[in-house]
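For reference, the structure I am asking about is given below.
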Amino acid sequence: MKKVQLNPVGWMSQLSQVEVAKLEDTTNSALYDMFRNCCLAVLNSGVDEDNYEILFAPYDDFDVKLVRRERGVKIELINPPEVAFVDGKLVRGVHEHLFAVLRDLLYMGNKYAFVHKSAPLDGINISDMVFDMLRHAQALEGNDNLNTIVCWGGHSIKQHEYKYTKEVGYQMGLRKLNICTGCGPGAMKGPMKGAAIGHAKQRYKEGRYIGISEPSIIAAEPPNAIVNELVIMPDIEKRLEAFVRIAHGIIIFPGGVGTAEELLYLLGILMNEKNAQQPFPVILTGPAGSEAYFAAIDDFVAATLGKKAQSKYQIIIDNPTEVARSMRAGLDKVEEYRRAMGDAFSYNWSLKIDEAFQHPFVPTHESMGALALHRDQPVADLAVVLRKAFSGIVAGNVKAEGIRQIKQHGPFKLTGEAELMERIDNMLQSFVAQQRMKLPGSEYEPCYTIRQGD
Amino acid sequence: MKKVQLNPVGWMSQLSQVEVAKLEDTTNSALYDMFRNCCLAVLNSGVDEDNYEILFAPYDDFDVKLVRRERGVKIELINPPEVAFVDGKLVRGVHEHLFAVLRDLLYMGNKYAFVHKSAPLDGINISDMVFDMLRHAQALEGNDNLNTIVCWGGHSIKQHEYKYTKEVGYQMGLRKLNICTGCGPGAMKGPMKGAAIGHAKQRYKEGRYIGISEPSIIAAEPPNAIVNELVIMPDIEKRLEAFVRIAHGIIIFPGGVGTAEELLYLLGILMNEKNAQQPFPVILTGPAGSEAYFAAIDDFVAATLGKKAQSKYQIIIDNPTEVARSMRAGLDKVEEYRRAMGDAFSYNWSLKIDEAFQHPFVPTHESMGALALHRDQPVADLAVVLRKAFSGIVAGNVKAEGIRQIKQHGPFKLTGEAELMERIDNMLQSFVAQQRMKLPGSEYEPCYTIRQGD
Amino acid sequence: MKKVQLNPVGWMSQLSQVEVAKLEDTTNSALYDMFRNCCLAVLNSGVDEDNYEILFAPYDDFDVKLVRRERGVKIELINPPEVAFVDGKLVRGVHEHLFAVLRDLLYMGNKYAFVHKSAPLDGINISDMVFDMLRHAQALEGNDNLNTIVCWGGHSIKQHEYKYTKEVGYQMGLRKLNICTGCGPGAMKGPMKGAAIGHAKQRYKEGRYIGISEPSIIAAEPPNAIVNELVIMPDIEKRLEAFVRIAHGIIIFPGGVGTAEELLYLLGILMNEKNAQQPFPVILTGPAGSEAYFAAIDDFVAATLGKKAQSKYQIIIDNPTEVARSMRAGLDKVEEYRRAMGDAFSYNWSLKIDEAFQHPFVPTHESMGALALHRDQPVADLAVVLRKAFSGIVAGNVKAEGIRQIKQHGPFKLTGEAELMERIDNMLQSFVAQQRMKLPGSEYEPCYTIRQGD
Amino acid sequence: MKKVQLNPVGWMSQLSQVEVAKLEDTTNSALYDMFRNCCLAVLNSGVDEDNYEILFAPYDDFDVKLVRRERGVKIELINPPEVAFVDGKLVRGVHEHLFAVLRDLLYMGNKYAFVHKSAPLDGINISDMVFDMLRHAQALEGNDNLNTIVCWGGHSIKQHEYKYTKEVGYQMGLRKLNICTGCGPGAMKGPMKGAAIGHAKQRYKEGRYIGISEPSIIAAEPPNAIVNELVIMPDIEKRLEAFVRIAHGIIIFPGGVGTAEELLYLLGILMNEKNAQQPFPVILTGPAGSEAYFAAIDDFVAATLGKKAQSKYQIIIDNPTEVARSMRAGLDKVEEYRRAMGDAFSYNWSLKIDEAFQHPFVPTHESMGALALHRDQPVADLAVVLRKAFSGIVAGNVKAEGIRQIKQHGPFKLTGEAELMERIDNMLQSFVAQQRMKLPGSEYEPCYTIRQGD
């Protein structure tokens, strides 16, 4: 049995004895399994595999323990994957990521658990908690240069698309923009890789490659090799809020249903009247050949959320330089606005996020079946509902809990207005056809059925 | 009316909106007056005056406000003392100190207020709170080189004694030791000043000059010009705990009753059986001519706490080099011990402090009169009682609340065992005679009377 | 006409007025054309093209001037290539490289020109000059961690070979080794790219990617995008000396005739009796499929320089981890030896280099024809001769002056001992067959003929 | 016999073997004695003694050697003074100063010796050499913030004057100005000490305390404890040039004949027509009670160099804040001018210094006697002559060679125009009366006689 003990780093290196005792108490909690799994995912960092069962299979005998010392807490790894070690020593980046997992899952989990249970957080408190987690992750300290670009897009994209994300990243890196993504491969890795080269050419030493993940997906999308800051938000809603509040601009590459969820979330927020004045650069972009993809998305938005939603983004095809230039220009307006409002540069406090977007949606057969999928409601409400529908499908595709449910009860059943359902169906079918649901090589088995209501 | 707004620094520059709202709420609390006064004291930093009424007199129209911005909180000064400004700009060190006051008094005050009231903290939680406050003050981060020497001694000392404290500081600075004191003039300033020169000669750039104060005394002993880290603990008990847990060694210079309180507190703790193995270098030192002073102290300890207490310190007269060398040698043992125990280098968790030393003693005529001043009890208990007696006298001398009580009800009345009372009386008389009670120039009016019991 | 003025950086930012005046004087010298061309090459950094005529063709109207200011010297670019600019601003890395060109070509060129002409430098003075140039390039400052690995190999290699060089670089990066190469694409770029990822994962911030070039080849092999330190040595002999003196270990990937030149140079030196005790890790490595290539090289060495030469390197096939581990192990011995000898960590003074290897060999039809290509001489002498033969062929392939001569007078004619000539011919033929002579896509026209003597 | 070997630092840590060999050769040169003495002076850093004979007396058995290693050069101290060591280890600052002595005396001495002898340097080459020495001392790198204030004044000043220099230094430190002086005690130490406190209060970490000395005076005025950069110029003329070219402003405190020399040198230069446009803040300042002193100086200037010379400085009495504020204001004009001229911020190239001020004046009985001390010549020439006269007296007072001559041949004899001689005599007499010639406690024996010519 191989054992490795790790000294704490970052915030975890300065814990009080009461805090350490509380951490130890979590060892028997439900959180702990999640902690173990996230650690295992992080240790597999850089391995390309989005099926967590295959990923975890060889490591049945892996375990992780907290070791209490007078001076604080250590992590002990038992039978960890060899891939994370160099000549017997854990790679430093992985070491840091493990303590990020400890920090976000157990330490912050502890901090908010009590409040959570007795009385669910309301909107302002959720935003506060997101802030607090990013602050503890020291993700805000370097975030006041208005240069953090969140990149969304599929983890399973084609080679020429991946190359394109690298080129966009390179052009952004040349302009000293930093990259924040969801942590995994594909469109979440390409921009970081490109930016790293751009940063190097500009001798820019403060390059940040932030990965914001969540426990239920980190196994499917472990942090890629470039991520130098890892944050794990408790659920997809807080993760999305972290993205939009830390971002100074957002780029959306081709992707699957997760990317669609992200776009709908973003549009739903930007369409809020209270955000009408807020400049927020959003660019949809892909290589030559992606025109049809974005046209389909754009059509779907037009047909569901309408023209106003369309005005919130621009589409640029096959022009990395133009994407980066356009983003830089957009950032100037962001700076102007934040100065005028007295808002923080590092965290977008003034962005209004409706509570409907903040409260966790737990996809079950029941909750998915109950979604009000029709256009006979305000577009803001429709955006919320659509976001949830796509969120549920992501869960059914790659999140452990979702997969378990699908295995047990069969696909989720979505029902609603005929035309809307057809549009949804078409878009999802096209994602399947384009192999955007899973990493290439695996056959996609849909986790949903779509039925047009009356 | 002159107004100056200050941007937040350090921990205060990253507050959530809920935290800012809570800070604002304190504006009407009892804490707020204290906050204003501490700010005023910090703004008078470097001015030699230990009578807070004289110090504050010219600044009746001074006020301080918290200004809420989307991005956080600003401090607004109204009619601040000119002395803190250079060409219209606040001195950076003072700027930082003001936000240290905000952090420790209002932000941390808030955090612990609720717990405090509903259920007073027990021992482990007090140690945790002390840790938490030092952590937020970022005082622990640089504290793991085992080179923080706490220096105690009078704020009112003679010129040749002051010069001696500088020489000891210089020798410590040459050995890359950092200095932590109680913030004010005299023996609290000299070692810092000397160390700064020693550090410069050794090209040591990380020189730390930590001042740990408390709200009720900071007006009488505002941070001297060298202090580059300021922490304000809520009361003397937590301040003393901060001193002994952050210290890697302690030097005691000639001083008055406050110094005696500190020594008794320290000896009371070191005599605890659970600390028997703990190496803790304590050196009493002064220039030629101070022999009698230390002999008197040593006698008093012998007569009250006994031989074992005497073994906890060494006395070195007129030999700065020897003091520094001896301290360095002691630190080697500290390192050995902490490694063996797995204790933190930055915070002495394993030092056992009995709760009797942790709970606040509020000196009133009643509580002072009720002190069990006799030797017919375990020395540990006697140390507690003596510490409280001296603590009360310090309050009567320089703390606003104490002075108010004395003005209203006359001197505190101490009663007890005849021989013990005589010894106490002798020691206090000698402090008076040596002008160690107040800064030279002011006449000392005793705030206590001593009556021998039967 | 587009003009861009650049402020000096590095050593060039602190010139005296006399030095500036001397620089100005060079504007009319023969050096100046070379300076202009090197600048143009650097501005094309990252462009994949090894034919300097094609590379330079579009930039006939490009020029570069030195502008004298009271405070020093500026570079003025006239009609520079767009590729080096981002939104109108020169990429920082290219900016630095341009001043490296100015420093090495004109400033250092000036410094040594006088000495050079009146009396050619002898051995110790050549080593001193190489040292002085690396010192001015600030390449020695960070070089005392014994972790600089020089990588040699072809600029024109196959895709799977290139991928392999990246993997070896990655494994070295994970072990905090830095990379030094000849600056161009292929095996000179791959290890840097891989190491950059490895460094990032280990949070190693001091990653060095040193390119050492020479004026006559920089156009064919401009610095790739990763190079963050550029040094331009005056000729191939000083460049090779810079490589072996700055290196703590050397890795040789598959390559063409240039790589063969480098290997022969290195072996010739290591076989010197005075270097017998000197540990110097040399690893020849390539991916699966490269066995035959290295076997051919190894055979050639055996047949020419003999067993002892073979003992100076090890061959590792298709095992990047083993390469990196083996190198790390070798470095421990290097450290031991340098400590024992009191030699510098940053520059290998104690390595004995025979003058025969130091004096410039100028390839002409005459000098190439006169090479004593037979084995009836000491192996050390044979190594010198073979090195020169290959050096001449490199010149004929990619160096402007060499190409000009071949155009004018036809191929160089090599004559010598029959068996040796056959071996040479076979090896060169295999390089041609494997397309190692030029970047793929261009047809290779041999610049030499081989005739077996009697 | 105690021996200590020191590893090289700064520029001296990267020497080529040829350079090391040349250094070794100096061991037998005339320079070497000077080197030994400067080392001894530096080792006595902080000791207050201006009589080099008394200072050196206890160290007859002290010696210093250069030890050659493959990797460079070490300094070996034999029987060094204990005062420079802490627990057996040389104080880091002294260590650095020793290598500054090696650099400036032997390394740079070597570099310029040859040129010097064959053909004395002309003006532009002298300025270049001064630049080169400051560059090698890395004194120019941090000098482009336009905040280096040169402070001149006596090494032997009264206590209240010393306190005043500290206060001026403090006010300058609060404004982030750096200090450059001649290295010794008194007015050369006070401003540094004060500035260090001011820098600390402003959390200014880049505080520079530059000492520029010369071999013949460093024994009498060894670097004080604050000096963190030491440069030793070969003679007083190059030292003065270093002062005025590195300075962004100059403050003159009360002093003796050396200070008068400095003032005359400065005025002579500033009166040059070519410097008419050059803003150069010069402030003469002292505490209350110094009015008469400055009035005398001012009178002397008026009577000798005239009104125009007077317009080049302002006199401020007893107002440290005003001095610092006024200096800051002056620096704004300096910035404006340097930008307009394209001159370097770190070195005042555009200041015209007439060769008459650059060539060394060697005071002997003959050269002193031959000085044309009359006002029947252009004021520029008179300034040159007066500067030389005072320079000679300084030599006779504190420089070894000067003292030796006086001992042998009696006082220097100055002859000239009656009124001028009387004015000189009066001023010198007042310096003697005010004990500005030597450190207090020693009786001053004039090294000159003044005779009025016909």
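When the chains are written out, they are named A, B, C and D in that same order, and each has its own residue count from 1.
Just so it is clear, contacts are C-beta pairs under 8 Å (C-beta built on N, C-alpha and C of every residue); 3 or more make two chains touch, one makes a residue touch a chain.
From a predicted model like this one, the values you see are computed outputs, not experimental measurements.
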Chains touching both chain A and chain B: none
Any chains in contact with both chain A and chain C? none
So, comparing C-alpha centroids, which chain is the farthest one from chain D? A
Cα centroid separation, chain C vs chain D, in Å, comes to 48
Provide the C-alpha centroid distance between chain A and chain D, rounded to the nearest whole angstrom. 64
For chain B and chain D, let me know how many angstrom lie between their CA-based centres, rounded off. 45
Could you say which residues in chain C touch two or more other chains, in rising order? none
Taking the touch definition from the header, please name the shape of the chain graph: line, ring, star, complete or other. ring
On the basis of the stated criterion, which chains touch which? Give every pair. A-B, A-C, B-D, C-D
So in the complex, which bits of chain A are touching chain B? 14, 16-19, 69-72, 124-125, 127-128, 131-132, 135, 140-141, 338, 341-346, 349-350
Touching residues of chain C toward chain A in the complex: what are they? 86-87, 91-94, 96, 174-175, 196-197, 200-205, 225-226, 228, 325, 328
